[in-house]
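Take a look at the structure set out below.
Labels run A, B, C and D following the written order; every chain starts at residue 1.
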Amino acid sequence: MIRCAIVTTPIDPAALLAEVTTPSTGATTLFLGTVRDVNDGRAVTGIEYSAYTAMALDEMERITQEATQRFEGIRIVIEHRVGILLLQEVSVAIAVAHARRAPAMDASRFAIEELKRRVPVWKQEHYVDGDRHWIDPTAMQTTTGASS
Amino acid sequence: MIRCAIVTTPIDPAALLAEVTTPSTGATTLFLGTVRDVNDGRAVTGIEYSAYTAMALDEMERITQEATQRFEGIRIVIEHRVGILLLQEVSVAIAVAHARRAPAMDASRFAIEELKRRVPVWKQEHYVDGDRHWIDPTAMQTTTGASS
Amino acid sequence: MTELQVLLFASYAEAFGASAVTVSVPESATSADVVAALRSLPGGAVLPEAPVVAVDRRYVRSPVAVRAGQEIALIPPVAGG
Amino acid sequence: MTELQVLLFASYAEAFGASAVTVSVPESATSADVVAALRSLPGGAVLPEAPVVAVDRRYVRSPVAVRAGQEIALIPPVAGG
(Lines give C-alpha, C1' and ligand atoms only; values in the text may rest on other atoms or scores of the structure.)
Protein backbone atom coordinates (compact mmCIF):
# COMPACT_ATOMS: atom_id res chain seq x y z
CA MET A 1 0.00 0.00 0.00
CA ILE A 2 1.48 3.27 -1.20
CA ARG A 3 0.29 6.85 -1.25
CA CYS A 4 2.27 10.00 -2.03
CA ALA A 5 1.03 13.57 -1.99
CA ILE A 6 2.16 17.17 -2.25
CA VAL A 7 -0.13 19.19 -0.01
CA THR A 8 -0.70 22.87 0.65
CA THR A 9 -2.46 22.56 4.00
CA PRO A 10 -1.12 21.32 7.37
CA ILE A 11 -0.14 17.65 7.49
CA ASP A 12 -2.07 15.55 10.02
CA PRO A 13 0.38 12.98 11.46
CA ALA A 14 -2.33 11.07 13.34
CA ALA A 15 -4.26 10.56 10.11
CA LEU A 16 -1.18 9.11 8.41
CA LEU A 17 -0.58 6.73 11.31
CA ALA A 18 -4.16 5.52 11.08
CA GLU A 19 -3.86 5.12 7.33
CA VAL A 20 -0.91 2.72 7.41
CA THR A 21 -1.69 0.79 10.60
CA THR A 22 -3.90 -2.30 10.21
CA PRO A 23 -4.69 -5.36 12.34
CA SER A 24 -1.90 -7.16 10.46
CA THR A 25 0.83 -4.62 11.23
CA GLY A 26 2.72 -4.66 14.49
CA ALA A 27 5.06 -1.69 14.06
CA THR A 28 4.39 1.77 12.72
CA THR A 29 7.03 4.46 12.26
CA LEU A 30 6.57 8.12 11.54
CA PHE A 31 9.20 10.61 10.42
CA LEU A 32 8.40 14.31 10.54
CA GLY A 33 10.53 17.13 9.19
CA THR A 34 9.74 20.40 10.94
CA VAL A 35 10.82 24.01 10.46
CA ARG A 36 13.45 25.03 12.99
CA ASP A 37 14.36 28.42 14.28
CA VAL A 38 18.06 28.54 13.51
CA ASN A 39 20.01 27.30 10.51
CA ASP A 40 23.68 27.93 9.94
CA GLY A 41 23.60 30.43 12.80
CA ARG A 42 20.85 32.63 11.35
CA ALA A 43 17.46 33.17 13.05
CA VAL A 44 14.75 31.77 10.79
CA THR A 45 11.14 32.99 10.81
CA GLY A 46 9.81 30.51 8.27
CA ILE A 47 10.56 28.50 5.14
CA GLU A 48 8.90 28.74 1.78
CA TYR A 49 8.75 25.34 0.10
CA SER A 50 8.13 25.00 -3.61
CA ALA A 51 8.07 21.94 -5.83
CA TYR A 52 8.04 20.73 -9.39
CA THR A 53 4.83 19.07 -8.32
CA ALA A 54 4.27 16.60 -11.16
CA MET A 55 7.81 15.28 -11.08
CA ALA A 56 7.99 15.38 -7.27
CA LEU A 57 4.96 13.10 -7.14
CA ASP A 58 6.48 10.76 -9.73
CA GLU A 59 9.77 10.64 -7.87
CA MET A 60 8.03 9.99 -4.55
CA GLU A 61 6.10 7.16 -6.21
CA ARG A 62 9.36 5.70 -7.54
CA ILE A 63 10.95 5.91 -4.08
CA THR A 64 8.02 4.18 -2.42
CA GLN A 65 8.00 1.50 -5.11
CA GLU A 66 11.69 0.90 -4.51
CA ALA A 67 11.05 0.80 -0.77
CA THR A 68 8.30 -1.78 -1.29
CA GLN A 69 10.69 -3.96 -3.27
CA ARG A 70 13.44 -3.69 -0.66
CA PHE A 71 11.15 -4.07 2.35
CA GLU A 72 8.41 -6.41 1.30
CA GLY A 73 5.06 -5.99 2.97
CA ILE A 74 5.41 -2.36 4.02
CA ARG A 75 2.53 0.10 3.90
CA ILE A 76 3.89 3.59 3.26
CA VAL A 77 2.48 7.08 2.94
CA ILE A 78 4.52 10.20 2.18
CA GLU A 79 3.19 13.75 2.26
CA HIS A 80 5.28 16.83 1.52
CA ARG A 81 3.85 20.26 2.13
CA VAL A 82 4.59 23.33 0.02
CA GLY A 83 3.98 27.03 0.65
CA ILE A 84 5.13 29.20 3.54
CA LEU A 85 5.63 27.22 6.74
CA LEU A 86 6.19 28.74 10.14
CA LEU A 87 8.45 27.45 12.90
CA GLN A 88 7.63 23.93 14.07
CA GLU A 89 5.24 23.22 11.20
CA VAL A 90 5.59 19.85 9.49
CA SER A 91 7.14 20.00 6.01
CA VAL A 92 7.31 16.27 5.34
CA ALA A 93 5.77 13.19 6.92
CA ILE A 94 6.60 9.56 6.19
CA ALA A 95 4.47 6.87 7.83
CA VAL A 96 5.38 3.19 7.43
CA ALA A 97 3.81 0.09 8.91
CA HIS A 98 4.88 -3.55 8.77
CA ALA A 99 4.31 -6.74 10.72
CA ARG A 100 7.80 -6.31 12.22
CA ARG A 101 9.74 -3.25 13.30
CA ALA A 102 13.01 -3.62 11.37
CA PRO A 103 11.48 -3.27 7.88
CA ALA A 104 9.28 -0.39 9.06
CA MET A 105 12.26 1.51 10.46
CA ASP A 106 14.56 0.69 7.54
CA ALA A 107 11.96 1.74 4.98
CA SER A 108 11.33 5.02 6.78
CA ARG A 109 15.00 5.86 6.70
CA PHE A 110 15.40 4.79 3.09
CA ALA A 111 12.45 6.95 2.07
CA ILE A 112 13.60 10.16 3.79
CA GLU A 113 17.18 9.80 2.55
CA GLU A 114 16.04 9.22 -1.03
CA LEU A 115 13.46 11.99 -0.80
CA LYS A 116 16.11 14.48 0.26
CA ARG A 117 18.41 13.32 -2.50
CA ARG A 118 15.97 13.10 -5.39
CA VAL A 119 12.58 14.76 -4.97
CA PRO A 120 12.42 18.16 -6.73
CA VAL A 121 11.40 20.34 -3.81
CA TRP A 122 13.15 23.55 -2.81
CA LYS A 123 13.19 25.73 0.22
CA GLN A 124 13.90 29.38 0.74
CA GLU A 125 14.60 30.36 4.31
CA HIS A 126 13.20 33.64 5.58
CA TYR A 127 15.31 35.33 8.25
CA VAL A 128 14.51 37.70 11.09
CA ASP A 129 16.37 40.49 9.28
CA GLY A 130 14.09 40.17 6.23
CA ASP A 131 16.72 38.42 4.10
CA ARG A 132 15.87 35.26 2.17
CA HIS A 133 18.09 32.46 1.01
CA TRP A 134 17.66 29.42 -1.23
CA ILE A 135 19.00 26.37 0.55
CA ASP A 136 21.51 24.31 -1.41
CA PRO A 137 22.46 21.18 0.54
CA THR A 138 25.14 20.39 -2.04
CA ALA A 139 26.99 23.69 -1.53
CA MET A 140 29.93 23.92 0.83
CA GLN A 141 29.48 26.32 3.69
CA THR A 142 30.90 29.65 2.54
CA THR A 143 32.81 32.14 4.63
CA THR A 144 29.86 34.51 4.43
CA GLY A 145 27.70 31.90 6.12
CA ALA A 146 25.11 32.39 3.41
CA SER A 147 25.21 28.82 2.11
CA SER A 148 24.16 25.42 3.52
CA MET B 1 14.35 16.24 27.90
CA ILE B 2 13.20 12.80 28.98
CA ARG B 3 9.88 11.38 30.10
CA CYS B 4 8.94 7.72 30.63
CA ALA B 5 5.59 6.35 31.68
CA ILE B 6 3.66 3.13 32.15
CA VAL B 7 0.04 3.94 31.29
CA THR B 8 -3.25 2.09 31.56
CA THR B 9 -5.25 4.19 29.08
CA PRO B 10 -4.84 4.59 25.33
CA ILE B 11 -1.61 6.25 24.19
CA ASP B 12 -2.06 9.49 22.23
CA PRO B 13 0.68 9.58 19.56
CA ALA B 14 -0.11 13.17 18.51
CA ALA B 15 0.38 14.37 22.09
CA LEU B 16 3.81 12.71 22.23
CA LEU B 17 4.84 14.33 18.94
CA ALA B 18 3.82 17.73 20.27
CA GLU B 19 5.67 17.09 23.51
CA VAL B 20 9.08 16.47 21.92
CA THR B 21 8.90 18.86 18.97
CA THR B 22 10.10 22.43 19.60
CA PRO B 23 11.13 25.37 17.42
CA SER B 24 14.74 24.15 17.77
CA THR B 25 14.08 20.61 16.51
CA GLY B 26 13.96 19.80 12.81
CA ALA B 27 13.24 16.07 12.87
CA THR B 28 10.78 14.09 14.95
CA THR B 29 10.42 10.30 14.87
CA LEU B 30 7.73 8.14 16.33
CA PHE B 31 7.74 4.40 16.82
CA LEU B 32 4.52 2.61 17.66
CA GLY B 33 4.13 -1.03 18.61
CA THR B 34 0.61 -2.25 17.89
CA VAL B 35 -1.27 -5.47 18.56
CA ARG B 36 -1.49 -7.63 15.46
CA ASP B 37 -3.98 -10.26 14.52
CA VAL B 38 -1.70 -13.22 13.88
CA ASN B 39 1.41 -14.37 15.70
CA ASP B 40 3.20 -17.60 14.98
CA GLY B 41 0.28 -18.66 12.83
CA ARG B 42 -2.38 -18.31 15.54
CA ALA B 43 -5.31 -15.87 15.36
CA VAL B 44 -4.95 -13.34 18.16
CA THR B 45 -7.88 -11.46 19.70
CA GLY B 46 -5.85 -9.31 22.07
CA ILE B 47 -2.79 -9.12 24.29
CA GLU B 48 -2.66 -8.63 28.02
CA TYR B 49 0.41 -6.63 29.00
CA SER B 50 1.68 -6.59 32.56
CA ALA B 51 4.74 -4.95 34.08
CA TYR B 52 6.94 -4.77 37.12
CA THR B 53 5.99 -1.14 37.04
CA ALA B 54 8.54 0.39 39.40
CA MET B 55 11.48 -1.38 37.77
CA ALA B 56 10.10 -0.91 34.27
CA LEU B 57 10.06 2.84 34.85
CA ASP B 58 13.58 2.78 36.25
CA GLU B 59 14.83 0.72 33.31
CA MET B 60 13.11 3.03 30.81
CA GLU B 61 14.74 6.00 32.53
CA ARG B 62 18.13 4.30 32.27
CA ILE B 63 17.59 3.59 28.57
CA THR B 64 16.62 7.18 27.84
CA GLN B 65 19.59 8.47 29.83
CA GLU B 66 21.88 6.21 27.81
CA ALA B 67 20.22 7.42 24.61
CA THR B 68 20.77 11.03 25.64
CA GLN B 69 24.46 10.31 26.18
CA ARG B 70 24.83 8.56 22.83
CA PHE B 71 22.72 11.02 20.86
CA GLU B 72 23.32 14.40 22.43
CA GLY B 73 20.51 16.91 22.23
CA ILE B 74 17.63 14.47 21.77
CA ARG B 75 14.25 14.98 23.39
CA ILE B 76 12.65 11.61 24.08
CA VAL B 77 9.39 10.35 25.51
CA ILE B 78 8.48 6.68 26.00
CA GLU B 79 5.09 5.38 27.04
CA HIS B 80 4.26 1.70 27.49
CA ARG B 81 0.70 0.66 28.06
CA VAL B 82 -0.40 -2.25 30.26
CA GLY B 83 -3.72 -4.08 30.56
CA ILE B 84 -5.75 -5.83 27.89
CA LEU B 85 -5.18 -4.34 24.43
CA LEU B 86 -7.26 -5.14 21.39
CA LEU B 87 -6.07 -5.51 17.80
CA GLN B 88 -4.35 -2.42 16.42
CA GLU B 89 -4.11 -0.70 19.80
CA VAL B 90 -0.77 0.93 20.64
CA SER B 91 1.27 -0.93 23.27
CA VAL B 92 4.39 1.24 23.15
CA ALA B 93 5.23 4.65 21.74
CA ILE B 94 8.65 6.26 21.47
CA ALA B 95 8.85 9.87 20.28
CA VAL B 96 12.23 11.51 19.66
CA ALA B 97 13.10 14.94 18.34
CA HIS B 98 16.45 16.48 17.43
CA ALA B 99 17.79 19.31 15.31
CA ARG B 100 18.87 16.70 12.72
CA ARG B 101 17.30 13.49 11.55
CA ALA B 102 20.11 10.96 12.05
CA PRO B 103 20.28 11.25 15.86
CA ALA B 104 16.48 11.23 16.09
CA MET B 105 16.22 8.02 14.04
CA ASP B 106 19.19 6.33 15.70
CA ALA B 107 17.91 7.14 19.19
CA SER B 108 14.45 5.80 18.36
CA ARG B 109 15.92 2.51 17.23
CA PHE B 110 18.26 2.27 20.19
CA ALA B 111 15.38 2.88 22.58
CA ILE B 112 13.02 0.25 21.16
CA GLU B 113 15.75 -2.39 20.90
CA GLU B 114 16.85 -1.80 24.49
CA LEU B 115 13.27 -1.64 25.72
CA LYS B 116 12.52 -5.03 24.22
CA ARG B 117 15.69 -6.47 25.68
CA ARG B 118 15.55 -5.03 29.19
CA VAL B 119 12.28 -3.53 30.35
CA PRO B 120 10.32 -5.92 32.62
CA VAL B 121 7.05 -6.05 30.71
CA TRP B 122 5.27 -9.24 29.72
CA LYS B 123 2.55 -10.15 27.33
CA GLN B 124 0.05 -12.92 27.24
CA GLU B 125 -1.60 -13.46 23.89
CA HIS B 126 -5.29 -14.33 23.83
CA TYR B 127 -6.35 -16.51 20.92
CA VAL B 128 -9.59 -16.95 19.04
CA ASP B 129 -9.95 -20.48 20.49
CA GLY B 130 -9.85 -19.10 24.06
CA ASP B 131 -6.32 -20.28 24.72
CA ARG B 132 -3.73 -17.97 26.24
CA HIS B 133 0.02 -18.00 25.99
CA TRP B 134 2.86 -16.11 27.66
CA ILE B 135 5.21 -14.81 24.99
CA ASP B 136 8.87 -15.68 25.48
CA PRO B 137 10.99 -14.03 22.79
CA THR B 138 14.04 -15.98 24.02
CA ALA B 139 12.43 -19.38 23.45
CA MET B 140 13.05 -21.33 20.26
CA GLN B 141 9.96 -22.01 18.21
CA THR B 142 8.67 -25.41 19.28
CA THR B 143 7.06 -28.04 17.11
CA THR B 144 3.77 -27.50 18.89
CA GLY B 145 3.74 -23.91 17.70
CA ALA B 146 3.04 -22.82 21.23
CA SER B 147 6.18 -20.74 21.57
CA SER B 148 7.39 -17.85 19.51
CA MET C 1 17.77 -17.84 59.04
CA THR C 2 16.02 -14.79 57.63
CA GLU C 3 12.77 -14.35 55.74
CA LEU C 4 12.91 -12.62 52.35
CA GLN C 5 10.01 -11.60 50.18
CA VAL C 6 10.40 -12.23 46.47
CA LEU C 7 8.26 -10.54 43.82
CA LEU C 8 6.92 -12.72 41.00
CA PHE C 9 5.43 -11.70 37.68
CA ALA C 10 3.67 -13.06 34.63
CA SER C 11 4.29 -16.80 34.05
CA TYR C 12 6.17 -17.12 37.35
CA ALA C 13 3.33 -15.49 39.32
CA GLU C 14 0.92 -17.83 37.55
CA ALA C 15 2.99 -20.93 38.35
CA PHE C 16 3.46 -20.04 42.03
CA GLY C 17 -0.11 -18.77 42.29
CA ALA C 18 1.09 -15.55 43.92
CA SER C 19 2.64 -12.23 43.02
CA ALA C 20 5.03 -12.50 45.96
CA VAL C 21 6.31 -15.35 48.13
CA THR C 22 8.41 -15.43 51.28
CA VAL C 23 11.38 -17.78 51.57
CA SER C 24 13.61 -18.66 54.51
CA VAL C 25 17.33 -18.49 53.75
CA PRO C 26 20.54 -18.24 55.82
CA GLU C 27 21.61 -14.77 57.00
CA SER C 28 24.49 -14.82 54.52
CA ALA C 29 22.27 -15.86 51.64
CA THR C 30 22.86 -14.94 48.02
CA SER C 31 20.36 -14.48 45.22
CA ALA C 32 21.22 -18.05 44.14
CA ASP C 33 20.07 -19.34 47.53
CA VAL C 34 16.80 -17.48 47.08
CA VAL C 35 16.29 -19.12 43.69
CA ALA C 36 17.08 -22.53 45.18
CA ALA C 37 14.52 -21.97 47.95
CA LEU C 38 11.90 -20.93 45.42
CA ARG C 39 12.61 -23.97 43.30
CA SER C 40 11.57 -26.25 46.17
CA LEU C 41 8.16 -24.58 46.50
CA PRO C 42 5.04 -25.73 44.61
CA GLY C 43 5.31 -24.21 41.13
CA GLY C 44 9.09 -23.96 41.40
CA ALA C 45 9.53 -26.29 38.44
CA VAL C 46 8.62 -23.40 36.15
CA LEU C 47 11.95 -21.72 36.85
CA PRO C 48 14.70 -22.09 34.25
CA GLU C 49 18.19 -23.15 35.24
CA ALA C 50 19.32 -19.60 35.95
CA PRO C 51 16.35 -17.28 36.25
CA VAL C 52 17.01 -13.57 35.98
CA VAL C 53 17.03 -11.78 39.32
CA ALA C 54 16.58 -8.10 40.09
CA VAL C 55 17.54 -6.49 43.38
CA ASP C 56 16.28 -3.04 44.17
CA ARG C 57 14.97 -2.72 40.61
CA ARG C 58 18.27 -3.52 38.91
CA TYR C 59 19.31 -6.71 37.18
CA VAL C 60 21.98 -8.72 38.95
CA ARG C 61 24.05 -10.78 36.55
CA SER C 62 25.69 -13.21 38.99
CA PRO C 63 24.75 -14.27 42.53
CA VAL C 64 24.93 -11.37 44.96
CA ALA C 65 24.39 -11.18 48.72
CA VAL C 66 20.79 -10.35 49.60
CA ARG C 67 19.24 -9.21 52.86
CA ALA C 68 15.84 -8.27 54.26
CA GLY C 69 14.68 -4.83 53.22
CA GLN C 70 15.85 -5.20 49.64
CA GLU C 71 13.32 -5.45 46.82
CA ILE C 72 14.04 -8.88 45.33
CA ALA C 73 12.28 -9.98 42.15
CA LEU C 74 12.42 -12.84 39.68
CA ILE C 75 12.13 -11.63 36.11
CA PRO C 76 10.63 -13.99 33.50
CA PRO C 77 11.79 -13.49 29.90
CA VAL C 78 10.65 -9.96 29.07
CA ALA C 79 8.35 -9.34 26.12
CA GLY C 80 7.57 -5.63 26.05
CA GLY C 81 7.04 -3.43 23.05
CA MET D 1 15.63 25.07 -35.68
CA THR D 2 12.94 24.15 -33.21
CA GLU D 3 11.50 25.92 -30.20
CA LEU D 4 11.56 24.11 -26.87
CA GLN D 5 9.98 25.19 -23.64
CA VAL D 6 12.04 24.65 -20.49
CA LEU D 7 10.57 24.68 -16.99
CA LEU D 8 12.48 26.58 -14.30
CA PHE D 9 12.12 26.43 -10.55
CA ALA D 10 13.28 28.08 -7.34
CA SER D 11 16.61 29.94 -7.72
CA TYR D 12 16.68 29.33 -11.48
CA ALA D 13 13.17 30.73 -11.94
CA GLU D 14 14.20 33.71 -9.85
CA ALA D 15 17.36 34.34 -11.89
CA PHE D 16 15.59 34.07 -15.24
CA GLY D 17 12.56 35.95 -13.94
CA ALA D 18 10.25 33.27 -15.31
CA SER D 19 8.97 29.80 -14.46
CA ALA D 20 9.43 28.71 -18.09
CA VAL D 21 11.47 30.00 -21.02
CA THR D 22 11.52 29.06 -24.70
CA VAL D 23 14.83 28.43 -26.48
CA SER D 24 15.62 27.88 -30.16
CA VAL D 25 17.83 24.86 -30.80
CA PRO D 26 18.68 22.69 -33.83
CA GLU D 27 16.27 19.87 -34.69
CA SER D 28 18.83 17.31 -33.51
CA ALA D 29 19.46 19.12 -30.25
CA THR D 30 20.46 17.45 -27.00
CA SER D 31 19.76 18.50 -23.45
CA ALA D 32 23.27 19.99 -23.39
CA ASP D 33 22.31 22.28 -26.29
CA VAL D 34 19.27 23.41 -24.32
CA VAL D 35 21.46 24.25 -21.35
CA ALA D 36 23.89 26.16 -23.59
CA ALA D 37 21.03 28.16 -25.07
CA LEU D 38 19.71 28.98 -21.60
CA ARG D 39 23.16 30.08 -20.47
CA SER D 40 23.20 32.82 -23.13
CA LEU D 41 19.93 34.31 -21.84
CA PRO D 42 19.75 37.04 -19.18
CA GLY D 43 20.06 35.23 -15.84
CA GLY D 44 21.90 32.32 -17.44
CA ALA D 45 24.96 32.98 -15.33
CA VAL D 46 23.16 31.38 -12.39
CA LEU D 47 23.51 27.94 -13.98
CA PRO D 48 26.27 25.67 -12.68
CA GLU D 49 28.65 23.95 -15.07
CA ALA D 50 26.39 20.93 -15.51
CA PRO D 51 22.90 21.70 -14.28
CA VAL D 52 20.62 18.76 -13.61
CA VAL D 53 18.06 18.16 -16.36
CA ALA D 54 14.80 16.25 -16.25
CA VAL D 55 12.94 15.08 -19.34
CA ASP D 56 9.36 13.92 -18.96
CA ARG D 57 9.71 14.05 -15.18
CA ARG D 58 12.77 11.83 -14.99
CA TYR D 59 16.36 12.81 -14.36
CA VAL D 60 18.70 12.44 -17.35
CA ARG D 61 22.26 11.85 -16.26
CA SER D 62 24.09 12.63 -19.51
CA PRO D 63 23.03 14.65 -22.59
CA VAL D 64 20.07 13.06 -24.38
CA ALA D 65 18.25 14.01 -27.55
CA VAL D 66 15.29 16.28 -26.88
CA ARG D 67 12.38 17.28 -29.05
CA ALA D 68 9.28 19.45 -28.91
CA GLY D 69 6.45 17.89 -26.94
CA GLN D 70 8.71 16.62 -24.17
CA GLU D 71 8.53 18.16 -20.73
CA ILE D 72 12.01 19.57 -20.23
CA ALA D 73 13.03 21.03 -16.87
CA LEU D 74 16.15 22.33 -15.17
CA ILE D 75 16.39 21.15 -11.59
CA PRO D 76 18.26 23.33 -9.06
CA PRO D 77 19.87 21.50 -6.12
CA VAL D 78 16.92 19.91 -4.33
CA ALA D 79 16.28 20.69 -0.68
CA GLY D 80 13.12 18.89 0.31
CA GLY D 81 12.31 17.32 3.62
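One rule holds in what follows: a contact is a pair of C-beta atoms (placed from the backbone, for glycine too) under 8 Å apart; a residue touches a chain by one contact, two chains touch by 3 or more.
The shown structure was predicted, so the numbers you read here are calculated from the model rather than taken from an experiment.
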{"item": "Both-way neighbours, i.e. chains that touch chain D and touch chain B", "value": "A"}
{"item": "Separation of chain A from chain D, taking each centre as the mean of its C-alpha atoms, in whole Å", "value": "26"}
{"item": "Intercentroid distance (Cα basis), chain D paired with chain C, Å", "value": "73"}
{"item": "Rounded Å distance between chain A and chain C, as computed from the means of their C-alpha atoms", "value": "49"}
{"item": "Multi-partner residues of chain B (each touching 2 or more other chains)", "value": "33, 101, 112"}
{"item": "In chain D, residues with contacts to at least two other chains", "value": "81"}
{"item": "Complete list of chain pairs which touch one another", "value": "A-B, A-D, B-C"}
{"item": "Contact set on chain B toward chain A in their complex", "value": "13-14, 17, 21-38, 87-88, 97, 99, 101, 105, 108-109, 112"}
{"item": "Contact footprint of chain B on chain C as seen in their complex", "value": "7, 9-11, 14, 54, 57-59, 71, 73, 75-81"}
{"item": "List of chain A residues in touch with chain D within their complex", "value": "33, 49-52, 54-56, 58-59, 80, 91-92, 112, 115-124, 134-139"}
